[in-house]
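Consider the two complexes below, in which subunit A is the common component and subunit B and subunit C are the respective partners.
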Partner chain A sequence: MATVFYDKASVSVDWGTVGETLLASDFTVNLSSSAQPLYAIGNKGSLGQFPTSARVGDVSFNFITSLTGGHYGQRGNLINFLASGIKHSVGSMASGVTISGAGVKGIGFLNSYSFNVASNSISTSSASFTFFGSGTQLPVSGRLTDSTAVPPGGGAELATGVAHGRYTPLTTLQTTINPGGGDAQVGTVFGADYSISFNHNPIYKMGQEFPVTSLYTTAQESINVTEDIFQSGLAFDETASDYTIDLHGLDTASTEDKMQLKMISGKQVSTSMSAGLDDIVRSQKTLTASY
Partner chain B sequence: MLGRIRREAESIAINGSGIQGVQSISANYASVAQPLRNLGINSIKYAPQGPQTATLDVSNLLINTLPDSAPATSKELMQNFTGDIAFSGVVNHGTKNFIFTEGYMETYSVSCAIGQIPQVSTSSVIYGEFGTGTLANVPTDSFPSVVNIPSYSSMEINLDTFNTNRVSSFNVNIATPRLPLYAVGNDVPTGVIAGTPVEVNVNFSIEPDDYEIKNMRFVPDQTVFQNTVITLKKNNSDTTLLTYSFNDMLLTSESFQGGVDSSATVNFNLRSFILR
Partner chain C sequence: MFYSASNAKLKVNDEEILASNASLSLSTSLQPNYLITQRNTNKYVASDGIGGKLSFNYYLTGVDFFKSFITGQGERQKENTVISGNFGGLNFDSGYLTSYSVNFGPNTPASASATVTFFDELRGDFTAVEELAPDISTVLNFRNAVVSNVGQVFESGSVENFVGGAYNYTAEVKPVYLINETKPSSVSFGPKNVNLNFEIDTPSGYLPYSGASAKISVDLKNKLGNVVENFTCDGALQQRDIGSAVGDYIKQTINIVEGGTVASRVTNAAGGPLTVAINMEPQP
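This part shows the complex of A and B:
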């Protein structure tokens, strides 16, 4: 038995020589072994339960969108760096990253990553990974134990290294409608939700439970933007645009207090508007991209 | 030597107009900064969570009115802010002061009882700046208010039941909902919408003679709609200063109190909603 209070259950992500402890608000690990009973004529009951596929695990966690990291020249947290690296990778070989929390860890492949930005609010992110294991390596290992190496410090300070809606204008996501005649309209952005999901293909071989490697196949990316403008003229063609999002923290004077990501060849695929009591009519558009 | 600040060193001005007859001022803000909490927390770091606003409550005797030449809807200065107009101002206390900008009134009430001068109470939300700073582009009052003191003894209340039943106090309350719109990248609203409908409640306390408590069931033949007109006149004169007039107010509550050493009293509430 181990009693681990939340203040000793930090969540860390390590890839190669870089690592980062995230400001996670929760952390869930699952490990499963699928088994199926076998039946045979002449036997009452089952012959036993036998494995039908390799043991796999998964981990998911929500965290405050931190900006303080810097990985290979890219500002922002390590999860954002991983997502960017995978979606822009030219090869299909994927290397997992080590996810650990409260003494339990595994090598995971990023399934999905998302964050939101809303006015006057701290941005929060979420991520999920799948643990396939590798060779003879189990998907998940370890046991519950304290995982915080840095002792508590005294004093208090401003949280400058987190993305905040107050300092993130998202002007690149504004919808502009310009029918000409000086009647242009520019939307006001009230918030945005970003998400990306990845598909991996673990390669299994006879004589070995865990895959020899995992291949990255495709990724789907989307941004939902909440505004006060309705774009009824959705294009029915193949045009697309790049969208760059800059997330900023409280330290507006610092050039390092930001995180950037770029959607390549994004296309607006939907627009909607909704009205409710005691509120203005708000609209939402969805931009998607595939890799 | 310890100093103190008394009423003679305190004042409030809104949009350049000094508010007269102030009985109390209450202004406050509560920081929205919250500590971040995370698994493995090992330090305390603060970040703002939610929009920062302040509140301003002012209570003043109704002893001044705007002149007829003032381009205002109401002769009572504060009542003009129940619409969609924002206000800025400054509160002086001793040698110090603090400012507020983008104030929007949320409740306005006027009340009076026997032996009293009508009193106006307002509650506002400050969406702009609050505290230190300087005001810029504040309109100055080119229509200074003039002293006009109404009295309980010179007002008129136009309600049928008051011919034989004596009003001992009344209260008019106007609630004006606000909807601030916050875009990303800003800590002040890009706009504040004056919500609708505006809820008006008028409460009367009377000493009844032949007043009859209604049936509480909300049935058509027992439902009471009344027009209410309260006219404030200058003390000891027939000069009308202000009129509070509301149509089709629904009787929503009644209460009866009797006691061994007092006259029976009845309190009732009338409510209406005004669409902007």
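This part shows the complex of A and C:
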């Protein structure tokens, strides 16, 4: 059947023995080749179009930040688990994870992952993966078909297993200004946008289209925090600090209703302040870290 | 009057070459003519013959036409083979292949570069042409290449992956002028050298004092899997380079030199078409 309605197109991620179906709100898969025109002097027009690099694919999707998963003792969804595992990895070899949706799947390498959390709002995340293929394995395989899956937890548990700004205070990201004289000011955090991007280095060789292996190289992480305090004393070389974000759902009684993320040696690199009609003056600061 | 690149055809030995670029240089050998009592002069006299170079890059679509000149010039039985060139109507007829190279890269179209040195004046007038490009079906691609090695170069560890490299050939050609000649009646061939460098995996420091015998062969296949061209260097491993940079992997390159052209002899086992425009009809 070629026509598939969205309710039959779930997005699943599998890595080794663990897997998870995400609460995705959209899902886009691209596959491209690199046919380039070649020209010769003395001739008008192109000689034809010919491949100049390997076929490559990518997938991106937005999803509700679910907390009900649990992988190797770490609470939260599998994407957060993967991002955490890759950025803290001391190894260079990257194996990729299987991303499948609507009958199409591929081995993807996490390119970027982000989420936002704001007061009284459901947290949403997004992720993108690149499909390089491997050896004789195509970047993307399969065809559009139904793929139904049960969301993690299911039923009533689902509603409480979603990160929400109501019980996510983000106090670890508060700015404190201490001008001296015991007149310290502590900011109120209204929301935060988190993102991390990863760089991979696929290694291609002669006589083979798809890479022999793919190496993970570096990652850049940032958190944009919105609050109500402005720190004009941004230092030339800010002090590095660790920042932990705990995302909570609505089930305050549950100890498992939590997803944690830790930025290591983050530094504040910018601060800004803006005012608009009918609103308080809000400020933003950006924390970055690299791995 | 200006012309575009599509107005000038490149022909070598009357065969059109599908070149992506070409350059033609011509120079004289003038020396200032000083007198004993003068430190300035506006007079120049020729001290050597006129000559130039034709350099171009072209796509490989089959058996490489130019590779035959590696062993087809300066060898005892074929030393009279010369190359004639024509670029937009400007032509010469006393050329010799002095350099040739092919870069190997994963999934890239195969292309070669060649330099023909000639010892002659350019004749003819520039004549613009207006023709549509032929619709060729094949440009060989290194996705369909097979790299193999023989020898002691990898003695210290197994090498499984050949990432990319280059095959280079250079020849020394000198004109021999007789009295009253401005165009040499013959040329003398100096040493011919082939070197091949390749990026490989498995970093190693293995490099004996006397080098190591090494032979690397690159078979270039068409879409049907038939070998249509081969680049071989059978010589000695003389250099290793290992390095890396932030965000990159550790790269190791080896360089093999061959003081001759024995391994570069042209074979056309598959009977593929030559890399000239006349053979660009659709083919598998």
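Going forward, the second predicted complex is superposed on the first by the 270 of 291 C-alpha atoms of A that agree within 3 Å, B and C clash if a C-alpha of one lies under 4 Å from a C-alpha of the other, contacts with A are read in each partner's own complex, and residues count from 1 in each chain.
Following the convention adopted for this analysis, contacts are C-beta pairs under 8 Å (C-beta built on N, C-alpha and C of every residue); 3 or more make two chains touch, one makes a residue touch a chain.
Note that this is a predicted model, so its numbers are computed, not measured.
Participant: Check whether A:Leu38 is in contact with subunit B, with subunit C, with both or with neither, and answer first, second, both or neither.
Facilitator: In the superposition, A:Leu38 touches subunit C alone.
Participant: Who does A:Pro51 touch here: subunit B (first), subunit C (second), both, or neither?
Facilitator: In the superposed model, A:Pro51 contacts subunit C only, not subunit B.
Participant: Does subunit B (first) or subunit C (second) touch A:Thr244, or do both, or does neither?
Facilitator: neither
Participant: Check whether A:Tyr167 is in contact with subunit B, with subunit C, with both or with neither, and answer first, second, both or neither.
Facilitator: First partner only, subunit B.
Participant: Of subunit B and subunit C, which one touches more residues of subunit A?
Facilitator: Tallying touched residues of subunit A, the top partner is B.
Participant: Once the shared chain is lined up, is A:Asp279 touching subunit B (first), subunit C (second), both, or neither of them?
Facilitator: Only subunit B; A:Asp279 stays clear of subunit C.
Participant: Using the superposition on chain A as set up above, list the residues of subunit A that contact both subunit B and subunit C.
Facilitator: none
Participant: Mind listing the subunit A positions that touch subunit B in their complex?
Facilitator: The contact residues of subunit A facing subunit B are 6-11, 21-27, 63-64, 101-102, 117-122, 147-148, 150-153, 155-159, 162, 164-171, 188-192, 228, 250, 278-280.
Participant: Can you list the subunit C residues touching subunit A in their complex?
Facilitator: 5-10, 16-22, 58-59, 88, 104-109, 129-137, 139, 141-147, 161-164, 201, 218, 246-249, 280
Participant: Can you list the residues on subunit B that touch subunit A in the complex?
Facilitator: Touch residues, subunit B against subunit A: 32, 35-52, 177, 179, 181-187, 190, 193, 195.
Participant: For the complex, give me every residue of subunit A touching subunit C.
Facilitator: 38-48, 50-54, 92, 199, 201, 203-209, 212, 215, 217-218
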